[in-house]
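Both complexes shown next keep subunit A, but they swap its partner, so subunit B is in the first and subunit C is in the second.
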Partner chain A sequence: MWKITYRVHRQKGHEAPHYDTFQVEVDPEEYVLDGVEKIWAFEDRSLTFRHACHHSTCGACGMRVNGVEKLTCITKIKDVTQDGGTLTVEPLRNFPIVSDLVVDLGPLYRKMEAVQAPKVHPLSMAPWEGEDIRPPKEVPAPPEGGEYIRLPDCLECGICISACPVAASDPDYLGPAPLAAIQIQGLDGHPELLALADSQEGVWRCHSAFECSAVCPSNVDPGWRIMDLRKQVATQRLKTIIG
Partner chain B sequence: MKADKHNSKGFWDWFNPAGRDVGGWAFILNRISALGLAFYLYLHLFVLGKLAQGPEVFDQFIAAAKSPLYIAGELLVIAAALYHGLNGVRLVLNSFNIGVPRQKQMFYTALALTILGTLVFATRMFAG
Partner chain C sequence: MSKPHAIVIGAGFTGTAIAHDLALRGFDVTVVERGPIANGTSGRTHGLLHSGGRYAVKDQESAIECIEENIILRKIVPDVIEPNGGLFIAVTEDDLAYKETFIQGCEACGIPVDEITPQEALRLEPNLNPKLLAALIVPDGTFDPLRLALSFAASAKKNGAVFHLFTDVVDMLLDGSGNVTGVKVWDRTNGERYDIHSDIVVNATGAWVGQITKMAHAHVPIKPTPGIMVAYDRRLVNRAINRLNRPSDGDIVLPQRRLAVVGTTSFSIDDVDYVPIDRQQVELMLQRGAELIPAIRQARERGVYMATRPLIGASGPGRSISRTFKAYDHKDLDNVDGLVTITGGKATTCRAMAEKTVDIVCQKLGLNIPCTTAEVPLTSYRAFYA
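And now, the complex of A and B:
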């Protein structure tokens, strides 16, 4: 077992933020979220944080761990600190803080709704075009014909928005996850999304820092998708010009 | 009750290197070089303004501009221009979805060429 120090961001309502430290005994194979739960269970019941599935499906437990956005339920403690080390846990950036480690992801959800982000989509729309994203091999056809339906890779965890330096200075920017959702649907099949993508707060606001792709825990690769969406927008514009 | 304000430092977060990946470093350098070049433009106009003050004032400035400190400053301008231009090519290509999966390698290439180009200029400027 390791003894490590959790340095946890605390903030209730409009209070000034501060950090509390907790000495926690952990198995290095445990996950960062496990340590946060131990603090809540044995040290401080007033600590607030979001969590649900514990297996990177719900996207609730996104936080900053030592300054980097992580889905804490799949981030092993041994990968981010050492025995006797310190773990600084903070809420995501670029969202209003509700309490301690909880942020209001409402702005992201509203943007995802605006871009009609699909709740499920056919397997053929699986996002495998980007770096290191490959299609599932030899998926057999469903016995009754048709096509399998899958969940989209995007967890709507908000981690990409937190890491984006442009979202830091422009809260109205659509942001990586919503733009990726437009790209996945494609402007050819969804011309009604063109105005959103091709707007001041759309695809052209991105400044190509690719931080979204660096931190995305679900292999969506939003940076690549935004660049592909730019190509789609340019193609649509060209079509308008040449008729 | 939640805090209404976004959990960000706004403009200053552009320059916060904490936790950034390679693309983030490229972004920060691009911003700094852009601000540096914009500042240099005003400095350049200020220097040109000395022409209006007569040949003696301008000659005095030119003599001072041959000092190692000025040359180092000019090298910074050259480095900023090289990086901003080369990284600009990377960003234009990426914007057409060319080489996005290799954007890190493209950044390293831009950085290497910037360092190489600056060294070539430094050798010539300090020698001459």
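And now, the complex of A and C:
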């Protein structure tokens, strides 16, 4: 077991934020979220934090760990500190803070709804096992007919928004996850999304910092997708000109 | 008469489904949850939309509930489900010997089951153990745990339910005769403490029901029974893969997004609030999971978690206890009026659990309002935050 220090962002109601420190005994194989839950269970029941699935399918537990956006349920303690070390845990940026480590992801969910981000989609729209972000060439089909349906890679966790330098200064910017959701659907089949993508708060607002792709816990690679979406927008414009 | 007011404690699958059902039946609904939506057992469920096959031999009441609710959930909340079916596969002679019993059980419970050849199974799922001896197709599925609960919550909210998240119930409000008239709460987002009065309180706290009933000097026979789940970083299958045998450790592998999740185990605990990870069980999941899907050994561990089932009954080992659910009117149980507790059950049966519970609530309040949740499609989970 390791003895480590959690330095936790605290904020209640309209109080000014501060940090509390907790000495926690942890198994280094445990995840950062396990330590946060341990603090709640044994040290301070007033602590609030978001979590649900504990295995990176729900996207609830995004936080900043030592200044970097992480899905805390899949971030092993041994990968972000050492025995006797300190972990600083803070809420995601660029969202309203509800309390402590809890942010309001409402703005992101509203944008995902506005771009009709698929909640489930055919297997052919995303890889089924590999590391690449492109769809596989050969997609298995069920013998009963139809297609296999899967939940998308994007967890709607808000981590990309927290890391995005543009989102920090412009709350109306659609942001990485919603733009990636337009790219996945494709403007060819979804002309109704062109105006959103090709707007001041759409693909042209991105500064190509690629912070989103660096922190995405689910290999969505929103930065690449935004660049690809720019090409899609250009193609659609060209089509309009040619008629 | 003004609308009756119900307080629901707990916003897991059962609590959110109850809030939705109550709101549809015209109640004023207040949900009190000490964490975010689905932070306890519900969020940490395996994510198997049961066909009922797992329980078709030894626990047919649960199996029938599962197949009925499986069909309903596919209809009312398709947005959170990977509806790709499941396979029960035999990899040993002992598994194979179970096949006929299993098929008979499924047929008795109305669960569609089709046998396919091992070759056909390998064509469908190339990552299956190539030594498999038999394969049966059943209508399993997988679901996203948080989004299933959020969909019920969003639907309840659309119909007027009010959610107090990060708010602990710290005590019951009791009248002179010890009957429950509301709850005392502590809102941890701002530190405020206040009372909420109601016509009925529904205790939907799953493995934690005992903490609530204690405040009302009531009780329920509950056996918190955790199990481990291990997620690996490759989507190795498209269907739920089950071991064709009696329920045992590590005998289910599920696809979810780009993951494969292996579960589970079954043991007893005292402290429900924090269940530490047992690394020996992690190793066991790898071993047992690899018997079904050998390629798991080439994948990397992505997450490990413990989920605590709220099994009903005070004695007997966890595997022997029925997975069915039960709603208790504490007027009958402890002569405490105003409090109903629901526990047991499976994620798959949460809508039916809600229906049964709200039936009891209506009966207690002398109301005759039918349940419609089997027909009403749920609202987008995203609407909960909108």
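One rule holds for everything that comes next: the second predicted complex is superposed on the first by the 230 of 243 C-alpha atoms of A that agree within 3 Å, B and C clash if a C-alpha of one lies under 4 Å from a C-alpha of the other, contacts with A are read in each partner's own complex, and residues count from 1 in each chain.
One rule holds in what follows: a contact is a pair of C-beta atoms (placed from the backbone, for glycine too) under 8 Å apart; a residue touches a chain by one contact, two chains touch by 3 or more.
Quick caveat: nothing in here was measured; it's all calculated off a predicted structure.
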{"item": "Which of subunit B and subunit C A:207 touches, first, second, both or neither", "value": "first"}
{"item": "Contacts of A:104 with subunit B and subunit C, given as first, second, both or neither", "value": "both"}
{"item": "Touching partner for A:85 - first (subunit B), second (subunit C), both, neither", "value": "neither"}
{"item": "Which superposed partner A:218 touches (first subunit B, second subunit C, both, neither)", "value": "second"}
{"item": "First, second, both or neither for A:13, with subunit B first and subunit C second", "value": "both"}
{"item": "Touched partner set for A:67, first subunit B, second subunit C, both or neither", "value": "first"}
{"item": "Partner touching more residues of subunit A, whether subunit B or subunit C", "value": "C"}
{"item": "Contacts of A:149 with subunit B and subunit C, given as first, second, both or neither", "value": "second"}
{"item": "Contacts of A:38 with subunit B and subunit C, given as first, second, both or neither", "value": "second"}
{"item": "Partner chain(s) touched by A:53 [first = subunit B, second = subunit C, both, neither]", "value": "second"}
{"item": "Residues on subunit A lying within both footprints (that of subunit B and that of subunit C)", "value": "13, 98-99, 104, 130"}
{"item": "Subunit A contact footprint on subunit B (complex, rising order)", "value": "1-11, 13-14, 16, 18-24, 26-27, 30, 91, 94-97, 100-101, 103"}
{"item": "Residues of subunit A touching subunit B in the complex", "value": "11, 13-14, 64, 66-69, 91-99, 103-104, 130-131, 163, 165, 167-169, 171, 207-211, 213-215, 223-224, 227-228, 230-231, 234"}
{"item": "Subunit A-touching residues of subunit C, taken from the complex the two chains share", "value": "35-39, 42-44, 47, 78-85, 120, 124, 126, 144-147, 149, 166, 168, 188-192, 229, 231, 234-236, 238, 255-259, 261, 271, 273-274, 276-277, 279, 302-305, 380-386"}
{"item": "Complex contact set, residues of subunit A against subunit C", "value": "12-13, 27, 29-31, 34, 37-38, 41-42, 45-48, 50-60, 73-74, 98-99, 102, 104-106, 109-110, 112-113, 119-120, 123, 126-130, 140, 142-144, 148-153, 155-156, 218-219"}
